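A quick write-up on the structure given underneath.
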Amino acid sequence: MKTTSNTIEVGVIGASGYTGAELVRILSRHAGAKLRVLTADRNAGKPLQSIFPQFAGLELPSLVALDDAKLDALDAVFCCLPHGTTQTVVAGLPKSLKVVDLSADFRLKDTGVYAQWYGHKHQAPALQGEAVYGLTEFARGPIAKSRIVANPGCYPTAALLPLVPLLEDGKISGTDIIIDAKSGVTGAGRTAKEGTMFAEIAGGIHAYGVAAHRHAPEIDQELSGAAGHAVTVTFTPHLVPMNRGILATIYVRLADGATAGDLQTCLASRFDDEPFVKVLANGATPATRYVRGSNQCHIGVFADRIEGRAIVISAIDNLVKGASGQAVQNMNLMFGLNESMGLEQEPLFP
Amino acid sequence: MKTTSNTIEVGVIGASGYTGAELVRILSRHAGAKLRVLTADRNAGKPLQSIFPQFAGLELPSLVALDDAKLDALDAVFCCLPHGTTQTVVAGLPKSLKVVDLSADFRLKDTGVYAQWYGHKHQAPALQGEAVYGLTEFARGPIAKSRIVANPGCYPTAALLPLVPLLEDGKISGTDIIIDAKSGVTGAGRTAKEGTMFAEIAGGIHAYGVAAHRHAPEIDQELSGAAGHAVTVTFTPHLVPMNRGILATIYVRLADGATAGDLQTCLASRFDDEPFVKVLANGATPATRYVRGSNQCHIGVFADRIEGRAIVISAIDNLVKGASGQAVQNMNLMFGLNESMGLEQEPLFP
Amino acid sequence: MKTTSNTIEVGVIGASGYTGAELVRILSRHAGAKLRVLTADRNAGKPLQSIFPQFAGLELPSLVALDDAKLDALDAVFCCLPHGTTQTVVAGLPKSLKVVDLSADFRLKDTGVYAQWYGHKHQAPALQGEAVYGLTEFARGPIAKSRIVANPGCYPTAALLPLVPLLEDGKISGTDIIIDAKSGVTGAGRTAKEGTMFAEIAGGIHAYGVAAHRHAPEIDQELSGAAGHAVTVTFTPHLVPMNRGILATIYVRLADGATAGDLQTCLASRFDDEPFVKVLANGATPATRYVRGSNQCHIGVFADRIEGRAIVISAIDNLVKGASGQAVQNMNLMFGLNESMGLEQEPLFP
Amino acid sequence: MKTTSNTIEVGVIGASGYTGAELVRILSRHAGAKLRVLTADRNAGKPLQSIFPQFAGLELPSLVALDDAKLDALDAVFCCLPHGTTQTVVAGLPKSLKVVDLSADFRLKDTGVYAQWYGHKHQAPALQGEAVYGLTEFARGPIAKSRIVANPGCYPTAALLPLVPLLEDGKISGTDIIIDAKSGVTGAGRTAKEGTMFAEIAGGIHAYGVAAHRHAPEIDQELSGAAGHAVTVTFTPHLVPMNRGILATIYVRLADGATAGDLQTCLASRFDDEPFVKVLANGATPATRYVRGSNQCHIGVFADRIEGRAIVISAIDNLVKGASGQAVQNMNLMFGLNESMGLEQEPLFP
């Protein structure tokens, strides 16, 4: 690791996708980090600005192929590669680098579960053990000491932030947790497909991957840890005609004797000092537009019409708290920086 | 009732809102009905085309105030007035008219429940008893004989179409029915409010009326009838940045021994001959865009990850099957016409 | 040509794109035509409904490869293939078929101009001469007698409808005609590309093909014919975050002595009896939403702030009057049917 | 003026609209200014967060009525009131305050022109003379010395940034300048009106105020100054289904001997050192999405198909460079701060 400067030197592997661009947006204004390397194999040699003209005013390193990237001099890299391709890349990185991986490759602790959901054997099971699941608010200690952070998925982040404390505190049952989630289209990445074309998405909504989305086992894993027993969730993602945002509407069964008010109290207390999680006053409903472009998570709690049940709603920006923002939050922790550094921007609304 | 012609002469009371305009769109091409009267108190004297230029090519009666409208010569009227204001209007209509009321005023059988949810005593309790709840597919006999049809709400239509047969056939439990619904913005009507301005809606999603929406008791009422016992649902509506469409993602508990496949079979069998309800092949997911502008309802059934549970998804256009299309479907039945008359258009996609 | 029935039997070559789907939508309700053949090479063997679920309720022929399609029994085909690939296909069709070609392949009379803009020599110059440029309102006689109609481009349709009468009547100058056009995203077709992904389009607007779009020479050609001398236009297309619609804002220089009022009178008079072209009353502004899903063109005329100039605005649905609707309008003419048959639907707003 | 601290203490008059919210977003992270007063007469007593939940994480002064606001202790105020109401308010402010007015009230130098376009006599003609038209890049000296800055309109900002240098340098003619502008919906403000409801805007585009928009005389005034003779422009604004952004497509006549390349050179040279204006490389087209949320202006230059003409395109965010961002840029100048302070954020894309 570089030690002669106070500024962390970082690289982004896979900089031509949306999470890569979002890292550039955040890190270009980060007081403690400097972007040194941007890789993009198919666009090697081009300036990033030719792909993302929003950076026209920035001075940035040109895109290089990963094989040509000089990584040794860096302190940290962010991996923004597709699921399945990251394991071997991370295995091949200099051990001096700290790594925040935004893919799903190191999130599942059980390599059998990984194989089942991703369709192939894990290529770096040893590193799997080393990686820390980086939902920042719940793992500050391990993250600070880790070399590899598996940055959580966007849906899991939105679901786990309210559910983990409620399960840990025994306020809700671990059975029949139903997560109805709605995502903006950037969650599908930047690879052109018919299904994410404008004319296929605008003016409509649909569910996809019903009871079969790869974020389900990730949510199960973390909730099981919080509950102390195996938890299986119902999880239905939907695609909404918006660029950014995840809204998770979560239906839970209250623990015996608990009320929706208890849930509100539990969460408000848990997140009281958190810079990025805000439990809204009773009755206020989270909306993705009010966290857009920020690392914030808004949470609301509601009594249900059915006795013994409650509804918890959370909202994040999938590209920020659900990906690149949380990745920087983790990097800050890993290097002993102020956790909020680079993440202070207010949401962009309207 | 007029008897000298084969064409039904109809009026639209409250023609300057979205459901009124949708009735004009449908009825202007209806082979068995003729638009004779359009009322709009604040816009009396204007051509409808000055409000809705999409009708520039049509010859239509000018807007008149309700008090000035000649209704005696008509066969039927559609009431598109706000909730709460319709009871006295309908009570004052000539008894020779058949009435399809698109407001909520005659939907709830229990006037106590009405008072609880709408905040005032029902003004026409006698007519309340006369009105038939017009979810066409489940009430053809009564609708055909009725004088007043209470046209179902948009959310109830989307939820009841799949749930009623499943409860009637005992395939699902009446407890813990969770309806997570997503609506286009036209569902909020055409009155200008901050909350439905473009800049407040575009690029975001939020829930509203959580556990407190007025369509909940309407759904309860009809499901209770289907189940043979009192049913209380969880119902969470969301506002989606799209003009039209409702997607209802419904989480149900299977009856003992039942499977998701049984639900699929039950629904496919029940709706096999229906012109406007289509149960999709196993695994296909309904999307609002594929019913946009049509009177269609698409339904999909999915096994859940949690044993003993299933997910049922339905999609309609809130302004058509959820309002004006179903209203015309009901009018057709009330006058002995082919039920599909005027409703044959394919969805408009993209 | 089939002669034993009153119903025209038609095929759609290239049915899996947006203009193909739009033809299916229109023709499935056409009283004088029957869809017999749908081709789509990559999707041969599938039902069209697997690609376009909005047709779930229709009985349609399955998709076949073009080479396997039985075209001899048909009366007419619509060609919805990409530019450049259509010439040889049309050349190979049975001569008994009437053809409406929605590509650009037969629109430019001068094969040199074609080669210049499309980058290769025309493959069927003989047929080029036979084809009639099918802007219906201006070419009814030739269209009715033709075997091959080159269906106009969407931008040219929007621009030519108001400009041709004004030039023919000498109301405007042929110099300095500036066409600033705004299009919905379906105009770019259904091939997945980064540039038409939802997240790249939503919430923004940009110009493209500035002074270099292939529809410019098509507009030049037809305006030159109307003016009686060579006309070169300024033409700037823009991509708007909407699915359908073209708005052409056209800046013209008035002929000596002419006023904006004269333009209004000229156009109102010219289109007075037209079923699909509506010149709006003075001061009313066309909007694409009011023609969405219909074959209508709305036109508005405005005096400019600069003396001697005027502004003319036209709005169409690019997939209907700008493509498939006009194609059916032309087919109707070619077979002596009522020109409006199948095209009577009102616009879908909101 | 306060002098005992290095931090400017500022107020926002009219904080419950979009430009007010945008000022809060920017100023809450401004290193040299502190928000002390927020006024909103109708919402006095509420926290701003109840109106704009995106600020849930900020500590802000509560809203007060203007009459109750303690303005004497401030250094500066931003006026975000509607046009016509601002003159008397500004006239009544303590003379110790510096004022950036975001309304149109002080932009037109000729009070006769003001009366003609705004329909009433100017209420503070003396202050009119004192106010400096604050298009920052062209008026740094006067702005730095001024007490009242009339912040330019959003359309004028987009049009003037490229046109003023071209006229000053004699590269284009002052006649026949045609500005076809496209705006996001926030430009219409936050007052609920039918015309800006989601369902009226989504999926469509239209022109408005054709040849009659109040920003036209403002553009004329500044271009006349740049040209040295009276200039009258053609100006057509359009409403685009997006929240933010203005794209101005400008059609100009080249001066004798000038080429489009000369225009490119002129602008690139003029803006070379500007932090917020970027002239794109030849052939690149500006897009509003690439400046969204930032104070940037992107400009592109293109040769036209018609000889002797060129096309210039500019893109800004109407709420930032077109309103609140430029207002802060001006405040920075007025107080001798670094002009970019608080405005360093990169655009938010996607």
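Read from first to last, the chains carry the letters A, B, C and D; within each, the first residue is number 1.
Here is the rule we use: a contact is a pair of C-beta atoms (placed from the backbone, for glycine too) under 8 Å apart; a residue touches a chain by one contact, two chains touch by 3 or more.
Quick caveat: nothing in here was measured; it's all calculated off a predicted structure.
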| item | value |
| --- | --- |
| Other chains in touch with both subunit B and subunit C | A, D |
| Between the pairs B-D and A-D, the one where more C-beta pairs touch | A-D |
| Most remote chain, CA-based centroid, reference being subunit A | C |
| Between subunit D and subunit C, distance of the C-alpha-averaged centres to the nearest whole Å | 39 |
| Geometric centre distance via CA averages, subunit D-subunit B, whole Å | 45 |
| Separation of mean Cα positions, subunit D and subunit A [Å, integer] | 36 |
| Touching two or more other chains - residue numbers and ranges from subunit A | 18, 184, 186, 199-200, 202-203, 241-244, 287, 289-290, 292, 350 |
| Residues of subunit A touching subunit B in the complex | 175-176, 178, 180, 182, 184, 199-200, 202-208, 210-211, 216, 232-236, 238, 240-245, 247, 249, 251, 285-290, 292, 300, 302-306, 309, 311, 313, 315, 350 |
| Complex contact set, residues of subunit D against subunit A | 18, 21, 25, 28-29, 52-58, 186, 202-203, 243-244, 275, 278, 280, 284, 287, 289-294, 296, 298, 319, 344-350 |
| Contacting residues of subunit D [partner subunit B, same complex] | 18, 184-186, 190, 192-194, 196-203, 241-243 |
